[in-house]
Every structure is written in C-alpha cells, then in structure tokens.
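Below, each structure is written out as structure tokens.
Both complexes shown next keep chain A, but they swap its partner, so chain B is in the first and chain C is in the second.
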Partner chain A sequence: MHVHAPLDHIAFSNAWRTRSPIDKMIFGGGLLLLASVLPALPWSAAIFAAAATAALAGARIPVRAWGWFLAPQIGFLSAAVLPLILGAGWERAAAVWMRGAAAAACMTLLAMTTPAPDLLLAARRARVPAVLVELAFLVYRLIASIWVLFERLRLGLDLRLRGGKPSLRAATLSASNLLTRSIQTARRVERGASLRGLDGFPMLTPRAETSRMFLVSAVALQGSLLAAAILFRSRFPW
Partner chain B sequence: MVNRFPLEARGVSYAYAPGHWAVRNVDLVAPAGARIALLGANGAGKSTLLLLLSGAEHACHGEIFLHGSQAERSRAGLRRWRREVGLLLQDPEDQLLAPTVEQDVAFGPLQDGVEEAQARKLVEQALSDMAIPHLATRPVHELSLGEKKRVALAGLLVQAPAVLLLDEPTAGLDPGGVRALRETLDILAQAGTAVILATHDVDFAYEWASEVCVLFQGGILARGGPADVLADREMLTHASLEPPLLLEAAMAIGGPPPLPRSRAEFREWVRPATRIFP
Partner chain C sequence: MHISEGFLPLTHAAAWTLASAPFLAHGISKLNGARDNRYLLAASAGYLFTLTALKLPSVAGSSSHPTGVALGTVLAGPAVMPALSLIVLLFQALLTAHGGLTTLGANVFALGVAGPWTTWLLWRLAARFGLGDRPAIALATAIGSLATYACTSLQLALAHPDPSGGVAGAFLKFAAVFSVTQFPVAVIESLFTIAVVRAIVNSGGVRIAGLEAWAQR
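The block that comes next holds the complex of A and B.
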C-alpha cells in the first residue's frame, strides 16, 4: 500500500533530492523561459529532450512515474489545441502543442525533483511573507496526514468489497467518512501544535548549497540552445 | 521556593461535561528520576490526567505545581510549562508539525530562540540519542509508527524537559521497539528526568515502573510499588486489568522473595527451584 503521495515520495527520494532548489529552479526555469521564446520547431523538442534527460538520467526518476505524471498534462494540452487546428491551422496548433509539452516537461522536472517543503523554504528566503509560508507548511503537513488517512480508508473499503468495484453509495459513505476523519485529524494536529507551543514556525536553513559546476553546466546548456537558435535563425525563423 | 519535585498535582479534577468526571481528586508527586506508571482500562482517565499535567487542559479543581511553584496559565506560564513538561501523545502523528524529521526536532529549540547553529547541534544529539540520525532528512509522513514515536520523543527530549509524560507509549510497537523504548526511558530516569506514562500494558509497567497508580473511573484506586499493587488480583479485576504474567507465574511457583521483575530475573529466580530452564 502506498502510504504517501507518489509525487511527494519521488520528490523526496530522487538523485537530485540533496541538490539546492535554486540550482533546480535555474535549470528548469531557464529551460522554461527558452521554451516560451524560441521557435517551437525544433527547439521545443530539444528542450523537451533536455528536461526528459535531466529527469530520467540525472535525477533517476523511474520512466513509468515520469510518464504517469506527464501524460495527463499532455492529454490536457492536446485537448486544448484541438480547437486551434480549426481556428488557426495545424501549424500554429502544433507549435502551441510543442511549446506546451516542453514547458510541461520543465515543470515536471522541477516538481518531481524538489519536495514542496524545499520550495517553501526557498520562498521564505525569497522574502515571501512568513505567515504565508508557515501556513503553507502546516497545510502541507495536514495534507500528508489526510493522505495517509485516505489510503487507510481506501484499503478498508477494498478489503470489505473483496476487490469488487465500490457502489456509488459505498464511495459516498467513504468520502463522508474521510471528511469527518479529516476534521478530527485537523483538530488533533491543532492540539499537538498547541502542546508544542506553536507560535510562529521557525525553520532550519536548508543544508544544500548551490553547486557552481551544476549552475555553469545549466547555463552552458541553455546558452548553447540560444546560440544554436540564433545561428539557425534563417532556417528556423523566430 | 524550589523543592525536589519537578511536578506535583494536588486534588486535580476534570469533567468533560457537568457531572461526568474524567479525573477525580487526583494527587500525584513526581520527584526527579521517578518512574510512574498510570494503569487503567480504557476510559479510566489516564490520558485526561496526562493532558492536565501537561497544561493542555485546565483542571476544574485542584492545583499543579512545577518545581514547587504553582503552574500558571498565562502565555509565559504555559510556555514555561511546556518547556518543563513534555507530553508524547498516543498517536505521534498528532504532534509532528514540520515536513521533515530534522525540521520537526528543531522546532522546539528554534521556537525558544536558540541560535540555528546551536539548534542543529541539539537536533543531531537528540537524533543520535534516539538512534535515528539516518532519518534526519526523511519526510515524517513516510515513517513507520515506531519511527514516528522516536521522532516525536526526540522533539521533546531536545528541550531537556524535567518531566516526560507518555500516553500509551508501547501501543503499536513491536517487541524490539518496546525494548528500545524501555532503554531510552531508563537512561532518562537515571539522568534525573521524571517519567510518567499511562498504559494498560501491565507487563511493561511491572517491569519498568518504580511506582504504579491504578486509575478507575477517574480516581486513583491503588498506588504503591509494582509488586505490591499488581499482586492484588481482586483489585485489578475490579479495574478491568489483569496481573502481569511474570508476577502471576512467580506467585504460582511460590519461590522466595524478591519476586522477579523481568524475564532475565525470572530465569535466574526459577532455575534453582525447578530446573526447568537448563
């Protein structure tokens, strides 16, 4: 049984887990920026390949999990560009689709290699108001607790149905049970917070330092893509 | 005034609803290094008493003293109370607030204004004391129940409380986890921390405690040394408890006092009489 969200689990266990979030943001964010400014063909494909290679070979995210997270985004994107084919022609629709897919790959890379708490700590360092970051931390913790609860209830329902499909009534009862138990969980966490004297949420600064080597490599890759796009501008116009 | 009791409760009572007393007129003294087990069936008032002793709930009657001074419920008073008295809840999930283990253990010291470098050292020490330094960067929601209990305990111990309260600490732990917990509690008690735990695990209480209090319907039914109190089968049955297996076996065999408190002691104690353990 999964007792945690798969995305969260991968974000905490991938090979880039200990890398500084700033490194990952510069790498993913730079590629995302290029995806939005460079001509879709062929550069979006190159950016998609770079993000995919970084995720699968660099961060060693399992191919199946990566595909599982990317597929709904691509599906949503595909459905969204269908009207564009009729309105603006297939070339324009293909360009939007390629840009969107490259951007999705960049965001997936960031989401699957950086746990939410690391992103929140980076937000705190970027001077996002402390009260927002602290609230986000508690919400994250609460969501994690409720996810564990959800998995337990799902298992319980599965065992009672002996593998059969739940009826609408059973699903509704489970959902209402989850809601009730979630409220109870929130109250118990509130009591725990009070017991520990919650009054602000000071946190340790992340240990991970930015890596000069990594940053140089990231900027070199992005620079090469940009240089190539400029060099072949006559063949692939902007 | 400073006395030798880090925690003392005098005539403490609490009702969740008018007339429904969860705790009735309880007196309790916890000297430094005390090992007190609160025993009782479900609903006997053990958990409520711990909440009162920790300051999480406000007693309807009676007083609680910390090092001889009456505990205050002002903001500063509660802060001091929570620094002096740590409570480990039955479900550690309820008191783990931060997303990762080291952040959670650091919560208390940082909250108290300890410098980050010093807080890191305290966290490393606490994780090392609980034998979980390898969990430092793990998200708390991915841990097992035993690991969560250890993390929650580390989060309390990092602030070096004078009194440690534990609600059903052995619940859900495997025998190895129970053994590790007992060793930790032994070290704490030897270092002078007063430890009070609520449990219905009479075997654990018999082996570990220096004093047991049997609670029944919110009041203390019996208190004293474990061998004396837990030998009273009639009283225990009335309180919906059973005597510890080890004590019952020793009494049935009828060997010489002192009666054994642990399996190892039992093996030594029984060998000359029966020769059943080669």
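The block that comes next holds the complex of A and C.
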C-alpha cells in the first residue's frame, strides 16, 4: 500500500465525488479563509463543526478515515503551540491552536472529497501554466511507484540485516538506488504516455458541472458565519 | 520545516506568497525550456516527496526532516526548485496532511528559494575557492538545510513575535528549538547527499554540471 492510497481511495469514492471541484473549492476554501480571518473564539469551533459535518454527513466519509487523516495534523499543531504558551501566553496559543484545527478540518474536507487530478485539471482551467500542471501530473503518477520502490528497498534492507539497524553506507546506497530507479521509472512512464498519445493531461476524470444550489448553500453558510462574527463583534472582538 | 495549516495570519501567508511569486515565475519559465528533461525533474520531485515525508514533529510550529534541498538543487538547479517545491508541497498537503494550503507560499519560499539558493551559492563559492567536490557539497548541504530552517524560524517569528524580545527574541527561540533536531539532521543529510550524488554520477544515468570528473576519481 503506497503513501496516498487510503486518501486517494476516499477522494475517488466519497459521496461528493461527482460534484464539481469548483463547488468543493469554494466551500472548503471559503471556510478556510474564514478560519484565517475570524476571531478564534468561538468562530473556529463553528468552522470546525461545519467542515466536519460536511465531510461526515455530506460527503459520507467514514469517521475513522477522517479522524486518521486529521489526528496527525492536530498532533503537530499541539506540539507547535508549546513555545507560544511560554512566549506569548496561553490565550494566544489557544487562539492559534483553535484556528489551526479549524483550518486543518477545512483542508481535510477538500483533500478527502477532491482527488488531486481533479484539482490539477481545475488549476489548468484556471490558466495555471500547462508545463507546471503537466509536471505535477507526472509527479502524481510517479509518487505511487516511488513509494512502492521505497518499501521494497526497505524490506530488502531489513531482510539482509535481519532487523538490525542499517549503517549510513547501506542507507545511502539504498537511497541512491531508489533515485536511479525513480529516474528510470519516470522515463518509462513518460515514454509510455507519449507513445499512447497521452502527452499533456493523461488522466480521465468526469467533468462535473457546478451546482447552483450547492454554491448558494455554501455562500449562505459562509455569509451567516461572517454576519454573526460582525454582529457579535463587541462580545468576541477581532 | 513545513508550517502547519492555519499557523500564519492571512496577511503573512499572502505576503510570503507574493515574495515567492517572482521566483516561481522564473522557475516555470525555466521548466518551459527543460521539457526534454521532464522525467528527471519529475523523478527529483517524487524523490523529494518521499524524503521529506520522513518527518519528525518539532515543537516550533513545524516539523523536522531531511530537506532534500541540496540534492534537488544539484540535480535540477536552483532556478527550477521553486516550481518543484510547489508541486511537492501541494501533494504533501493534499496527500499526507503535511504543511498546508494557506501556508504554501511561505513553505515554497523556505524550501524552494532560501534553501536552494544558499546551497547553490555556497557550492559554487566553495568550488571557486578550491575546496574539493565532497567538502563543497557537504558544506553547501548542511548550511542550505539550516538556511531552510532559519527561514522558517524567521517566518514564524514575524507571525508570532515574543512579547518581551520581539521578532529577534522569537526567532532565537524558534531557531533554538529547531536546532535540537535539525543540526544532527543537517550533518547526516550532508553525508547522505555526498554518497547519493556520487552513486548517481557513477551510475552514468545522470549528468550533473560541475561534477563530470567525479565519476573517474
């Protein structure tokens, strides 16, 4: 199993799979923007709840998978705010933590409902330079192959050393082996794609139309959060 | 070194994105001229993805890991590194929850601009002053890796200045916390880069400018 298999599987199979990536980017990106600008208390909690509800109830992502992807982000965030507690005080640290958790939930929603190829195609339609998007497609295809190579090399090293710790020499030999094989694989993938006439964007993804109903709901939710934050500005200052 | 999602205020995130933009535009224009080497660039990016996925949590708003910056710079050159970093960081955010989307500009600046250009300048300077290939690459890798983390520390310090020590005080705090994990990682990465570059040059599969004679030694 390669590094992004579980996430890819969910991104390709959730209930929002057929929705337009533009719909999902406006929903998730808008919430992410609000998480960055609104006061952390209480709005980060509201944004977290909205993103979680959309992921679990809307896109029907399994709770376990959602938690598995979100937990490391929250763990990193918790470690990250420790110096802030000592330096800037616990109130600021708590605000950064809440804002970070809400932003992580928004990013999780976007990542788990939208496969990377859909995002890349949307980026191309938004006139991101073709050469960058083509390279990103090639890298996306390669990551899986490189990770499989990496796992095989690690297994080979483990078996040779019978579970012992590898020396720096053994580790670097494996790493250089991985790189040279990655280059060979990349060359084959590119040649194979061009022989099949797939130069450019060789991924088949269904082109979904944007849903006016979905967009209106997304903007209404984000507008309500913003309006509430302005209304209660005296109680929860910006 | 990737700054987590939501850790930077929006104005800072936007400012770092603007700062990265000209380097990124230059990198993309270089990619246009390197279409024949696309597979090599893609392999380098995929390799960087794997290398930087081996992360250690760090109590400084970020994480520690081998940056792969020196290897990427030696293989692809510093000019295309912002574009490669953007692709690697985007996939890391979307596929492994490492880094973030709003912090993408800041992370590209640290990993794709500060680190690669420091590495490249030091490598060239060391070569000009007659330092051997191996010491030059080791020095450039170690300092380039530390420059990446110094840049991240500065980004965090500007976003969260210390109430008493200001930006300088916060920078020292963040840098001190990073140094616990990053100094040993920089030393190991420099040895690792020498060995990997040597193996690649010896394999004959990739031509690296400035190191053509290395294979024969």
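Please note the rule applied: the second predicted complex is superposed on the first by the 176 of 238 C-alpha atoms of A that agree within 3 Å, B and C clash if a C-alpha of one lies under 4 Å from a C-alpha of the other, contacts with A are read in each partner's own complex, and residues count from 1 in each chain.
As a working rule, a contact is a pair of C-beta atoms (placed from the backbone, for glycine too) under 8 Å apart; a residue touches a chain by one contact, two chains touch by 3 or more.
From a predicted model like this one, the values you see are computed outputs, not experimental measurements.
Colleague: Using the touch definition from the top, say if A:148 reaches chain B (first), chain C (second), both or neither.
Modeller: The first partner, chain B, only.
Colleague: Go through the superposed model and pick first if A:192 touches only chain B, second if only chain C, both, or neither.
Modeller: first
Colleague: Which partner chains sit in contact with A:73 here, chain B, chain C, both or neither? Use first/second/both/neither.
Modeller: Second partner only.
Colleague: When both complexes are superposed, which of chain B and chain C contacts more residues belonging to chain A?
Modeller: Per-residue touch count on chain A favours C.
Colleague: After the superposition on A, what does A:117 contact: first (chain B), second (chain C), both or neither?
Modeller: A:117 contacts chain B only, not chain C.
Colleague: Touching A:8, do we find chain B (first), chain C (second), both, or neither?
Modeller: Once the two structures are laid over each other on A, A:8 reaches both partners.
Colleague: By the touch definition at the top of the document, which applies to A:210: first (chain B), second (chain C), both, or neither?
Modeller: Once the two structures are laid over each other on A, A:210 reaches no partner at all.
Colleague: Please indicate which partner A:138 is in contact with in the superposed arrangement: first for chain B, second for chain C, both, or neither.
Modeller: both
Colleague: May I ask you to decide whether A:171 touches chain B, chain C, both, or neither, giving the answer as first, second, both or neither?
Modeller: Touch status of A:171: second partner only.
Colleague: Starting from the residues of chain A touching chain B, keep only those that also touch chain C in the other complex, and list them.
Modeller: After superposing on chain A, chain A residues 3-4, 8, 116, 138, 140, 145, 147, 189 contact both chain B and chain C.
Colleague: Going by the contact rule set out above, which residues of chain A touch chain B in the complex?
Modeller: Residues of chain A touching chain B: 3-4, 8-9, 12, 17-18, 115-117, 137-138, 140-141, 144-145, 147-148, 188-189, 191-205.
Colleague: Name, in rising order, each residue of chain B that touches chain A in their complex.
Modeller: Interface residues on the chain B side: 54, 56, 78-79, 82-83, 87, 89, 91, 93-100, 102-103, 106-108, 110-111, 116, 119-120, 123, 137-142, 155.
Colleague: Can you list the residues on chain C that touch chain A in the complex?
Modeller: 4-7, 9-10, 13, 28, 31-32, 35, 38-43, 45-47, 49-51, 53, 57-63, 71, 83, 86-88, 90-91, 93-97, 100-102, 160, 162-163, 169-170, 173-174, 177, 188, 191-192, 195-196, 198-200, 203, 205-206
Colleague: Per the contact definition, I'd like the list of chain A residues that touch chain C in the complex.
Modeller: Contact set of chain A toward chain C: 3-4, 7-8, 29, 32-33, 35-37, 69-70, 72-73, 75-77, 79-84, 86-89, 92, 96, 99-104, 106-108, 110-111, 116, 119, 129, 131-132, 134-136, 138-140, 142-143, 145-147, 150, 168-169, 171-173, 175-180, 182-187, 189-190.
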